[in-house]
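What follows is a single structure, and I will ask about it in a moment.
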Amino acid sequence: MAPIHPEIDLCHLLEQMQLIRAYEEAIVTGSAAGKFPGTCTSVGQEAAAVGVVNALSGDDLILTNHRSAGHLLARGADPGRLLAEVMGRSSGYCKGRSGSLHISVKELGVVLTSTIVGAELSLAPGVALAQNMLERAGIVVCFFGDGAACEGSFHESLNLAALWNLPILYVCENNQWQAFVHRREAMSRDHVADWAASYGIPARTVDGNDVTAVLAAAQAAAGKVRESRRPYLLETYTYRTRGHFEPDDQAYIDQAERQSWLNRDPIALCRDRLVADGCLSPGKQTEIADRVAQRIATAMAFAESSPFPAADELTRDVYA
Amino acid sequence: MAPIHPEIDLCHLLEQMQLIRAYEEAIVTGSAAGKFPGTCTSVGQEAAAVGVVNALSGDDLILTNHRSAGHLLARGADPGRLLAEVMGRSSGYCKGRSGSLHISVKELGVVLTSTIVGAELSLAPGVALAQNMLERAGIVVCFFGDGAACEGSFHESLNLAALWNLPILYVCENNQWQAFVHRREAMSRDHVADWAASYGIPARTVDGNDVTAVLAAAQAAAGKVRESRRPYLLETYTYRTRGHFEPDDQAYIDQAERQSWLNRDPIALCRDRLVADGCLSPGKQTEIADRVAQRIATAMAFAESSPFPAADELTRDVYA
Amino acid sequence: MPAMTLYDAVGAALTEEMRRDRSVLVFGEGIATKRHDLVDEFGALRVRNTPLAEGIIAGTAVGAAGSGLRPVIDLLFAPFLCYAMDELVNSAGKLRYMSGGQFSFPLVTLAMTGAGWGVGAQHNHNVEAWFVHSPGLKVVMPSNPADAKGLLKAAIRDDNPVLFFIDIGLLHQPGEVGNDELVLPLGKASIVREGRDVTLVSYGKTVHHCQQAAEMLGSRGIAAEVIDLRSLKPLDEASILASVRKTGRLVVVHEANRLCGVGAEIAALVAEEAFAALKAPIVRLGGPDAPVAASYPLEQAFVPQPEAISAAAERLCHRQAA
Amino acid sequence: MPAMTLYDAVGAALTEEMRRDRSVLVFGEGIATKRHDLVDEFGALRVRNTPLAEGIIAGTAVGAAGSGLRPVIDLLFAPFLCYAMDELVNSAGKLRYMSGGQFSFPLVTLAMTGAGWGVGAQHNHNVEAWFVHSPGLKVVMPSNPADAKGLLKAAIRDDNPVLFFIDIGLLHQPGEVGNDELVLPLGKASIVREGRDVTLVSYGKTVHHCQQAAEMLGSRGIAAEVIDLRSLKPLDEASILASVRKTGRLVVVHEANRLCGVGAEIAALVAEEAFAALKAPIVRLGGPDAPVAASYPLEQAFVPQPEAISAAAERLCHRQAA
């Protein structure tokens, strides 16, 4: 299988997905050991993040939410500074003030992260408006969940973006869960993409566990937004295979449904295809695994050795 | 033209529309003379109110908003107590505390009126839930404007009503204006009915200036809600021919558009058809006009002679 | 008496009140998942998961309360109340008055707040003062499981909208709770320790910090009286004033931001009504004008600690001696 | 100096700042209709009507402010801020701090509030204290056109989110406004009348009621000092404290509900920092714990009137004499 886009090496996407998985697993272990607070992991959703982020240009801006590790790492964030943030250390991207739930990295174009579900939808039009008014080329990518799509801000945001011709690529990660509620209990439709059409916003649902499908759909979608300077909605249909937040016993989960998604693990799918296509030797597999393990070990050591914020940080940066 | 429904006499609907018009005009005159505060009049929208309200049963509940005179009078409210409320007198339906913008009349089933645009949409599901849980037969009719349809509560309300099977007849009075903004400047679509479909809620747009068309559509819609115990959205397409609130110079209005709607005045349309069908003699016309004028005169006298609330009303009824 | 956590005390109050009154129902984002024992006993119609949309959860509760039901809603964390302000403030708080008393709104809103989980300012923001400031609403915040149970039962029976705040830091701490169906009246503070030298007024987790401060003060010969407000509106003004008239000194303590907080209200009340009894300035200890950081040491530093409380009280006492 | 209304003073400030800085833009429900002179001068991209949806208006402003623009939004009436609380409180107020200072939010929110139009509690509800209580936000409320112009210009230049409240009752009253481009710093109160016997602190329309009360008091030989706060956060604590240290007596007056209002904050501040100077109890005059009725006499009765203010001040002065 040839890479979709000349510059993009599928092995590189696989490595990104493995890095995300390893990062999340390190957090699961560390938080279970009581070393730092738990997080909302993105395990099972790596392809949705990696496929979309790799379709973007360096000048595009990203808004994300509480489940952001995949977006951040795919965008090139340093796992050490991310882990430091999760641990509340001053070397974290937000000086430890954010913790895991609202990590912004302005230098990478990951802006205004809020853990208020629906806030990314309310903030995105303003970011896009600034891109237009200040004549910046980059588009705005707004990641949100199926849960966020139930908030009123979804309606207000899509209506405004359509009306004002804002260059926003809405990416709904429909992972079947809204914390402890299955989306079936919360949405009158199965697909968020169905809701976009009524604003005159083009939309598409893609298999969120197939990284090449996501990449291709996101490239097409981002291209369309870049060209038309109008919004587009891409729904990545996927599944949150761990709990909402660590720890979570997942007692409320339909195990058959979960198993059917585990059988379509995005990393395994990608690796199997690469192997079948003869693009991934056992040696290269080991190489990738080692590199990922090394990066996570380094990151963990960096984070754990970083200091906590000084007491006078309590009231710094409140006002500009 | 025969009445749509055996029990409903079209002359009666005409008289209701004339009563509403006369009531609003009395307010325009009185407020222009500085006798009491101005209101949001429903001039031009009488058919939309009268057609829907006459399709309801006595046990149905109505939620309305700031532009409520048509709904209240069609439901049988006493114009004297309404005018007293507008004037802030203690004999008003809300003891003068509401003024014109949030008149509820529980004894007529007009409940929880709020002037917060979008609030009727947020309250309606709870009223309908109570109807279901307490095994009451009446359905819930929620009147709202095209402006309210832009608030997030629209999305949240329709999603919940569809999901929980709530017996709500949503009635959007699309009168082309959202205060000082034309709906074209505010909505990505022309019709609110287009938005309903994506929740799986059946919807229809009807000519809101044709009282028989509105009545027929509302009867069908209410019947469907009563039978299915599921929501339905009826959009009455109409026009606000006076300003948003009295006084309003309407300098911002497209006069050609306004004129085209004035040419389709709902009262004139109805009267002309009745005359053409030989159902309305000049004598009967005079009889109706006199009765309406008499009722408004009586109402005005009652309201003007009513006392203002006593000082101790300031803090009464805050807590139950 | 059996020990249970505040979380379980809330569950016990819900169970007892739902048994007692068929018009009580509960809904919220995941409440049917988390409290499945309630679903088992009362069925899926009275215990419901909702879409993720605080505005419509609250609006539905207001509409239902105004139409004959007695809903209890769980809005999870206090900052999420921001999405339900119109429904709570403009509808629940005002529609009774504005309609001339035609409707009442027996409705309880649960929300967690305060330090303890390191989740940052969008989960941890004490906004109870907003609702004290807003008309037509009652506000409750217990400091222990027994009070939580008794106050929640009263809140459910109350015919007004009640905001019921749960201090996250106390949620899983066990406490003794009687088996009896005790209902604690809203608006009655609890004198958790008597003393004649200085009055410490607080609510939520900082009540415990005040008790620890009182211990410290006791060992230095200062007898502190500790008042747990329990209900912030109605406020038990009489108990506060009686105590200050006895001690002549007041320290008000809470985790919420100082500016326009409940502590400001109490200080103002005392400076107006018990001025003659005051022997020293009134001291307020509260959060700074800053969001709460996720980082553990900063999160802890935000909350008034026993040492600071006892030091403040001691300064007041010495000041008079001097 | 030319006379203009507060409405026009706001327009003048917008015009001057939009000329000065291309990144300033304004939007809201109908602002392009009502202020069409701005559209004429600055074009339809910088002056926009919006859909009727306060949440997205505020959210868009926050997003734009965090990305290099300086938006001014008009949310019409203060109770409608309820629909924008998440965007204002959780985003604008917190995202700077929570991001470790990566973003700033130069954003002004206009809202009208207070008695005068008989429109009832869903249009008339003074909620400024909510935002004083919430971190990361500044709060301004002028009492006259000149201040409105100077403060709005400062608010637009400020790098923080500013809530700018306009007293409806003052909106169409003319006042003198200089032609110069005067910018009034936020956080600086104005001593509108000097006096040594009692301090009257207020903001918005009740500043005028205090001035009338001071006249009445003057005729009875009592010299009242009147302070117009202008900015509620930052609060000019120094000016308040200096005045009370001089007069020894304080009456705080506002239209907003008393409970946890700005008056509570000021009373608490003084009871803590200027206790030794106090010769009498602190008096707060504010709205009752009730929504505001539409009915004219009730609407007026809600607002502290000059007679009540002067009577309260006089009682304080006689008390000390006694």
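Per-chain numbering from 1; labels A, B, C and D assigned in written order.
To be clear about the criterion, contacts are C-beta pairs under 8 Å (C-beta built on N, C-alpha and C of every residue); 3 or more make two chains touch, one makes a residue touch a chain.
Worth saying up front: this structure is predicted, and the values here are computed from it rather than measured.
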item	value
Chain pair, B-D or B-C, that carries the greater number of C-beta contacts	B-C
Chain B-chain D separation of Cα centroids, rounded to whole Å	36
Distance between the centres, which are taken as Cα means, of chain C and chain B, whole angstrom	41
Interchain centroid distance [CA atoms averaged], chain A/chain B, Å	46
Cα-centroid distance, chain C relative to chain D, in whole angstrom	29
Residue numbers of chain D (touch at least two other chains)	50-51, 53, 55-56, 79, 82-83, 86, 90, 97-98, 120, 122, 135-136, 288-291, 293-294
Contacts with 2+ other chains: residues of chain A	96-98, 102, 114, 116, 118, 150-153, 156, 159, 163, 185-187, 318
Graph class of chain-chain contacts, one of line, ring, star, complete, other	complete
Complex contacts: residues of chain D adjacent to chain B	29-30, 33-34, 36, 49-56, 79-80, 82-83, 117-120, 122-123, 288-291, 293-298, 301-302
Residue numbers on chain C that touch chain B, as the complex places them	23, 25, 45-46, 48, 50-51, 53, 55-56, 58-69, 71, 86-87, 90-91, 95-106, 135-136, 138, 159-160
Footprint of chain C on chain A - complex, ascending	37, 88-89, 96-102, 114-118, 147-148, 150-152, 178-181, 185-187, 252, 308-309, 311, 313-315, 318
Residue ranges of chain D touching chain C (in the complex, touch as defined)	79, 81-83, 85-86, 89-90, 93-94, 97-98, 120-122, 125, 127, 129-130, 132-136, 233, 235, 256-257, 259-265, 267-268, 270-273, 275-276, 278, 280-284, 288-291, 293-294
Contact footprint of chain B on chain A as seen in their complex	150-156, 158-159, 162-163, 185-189, 194-195, 197-201
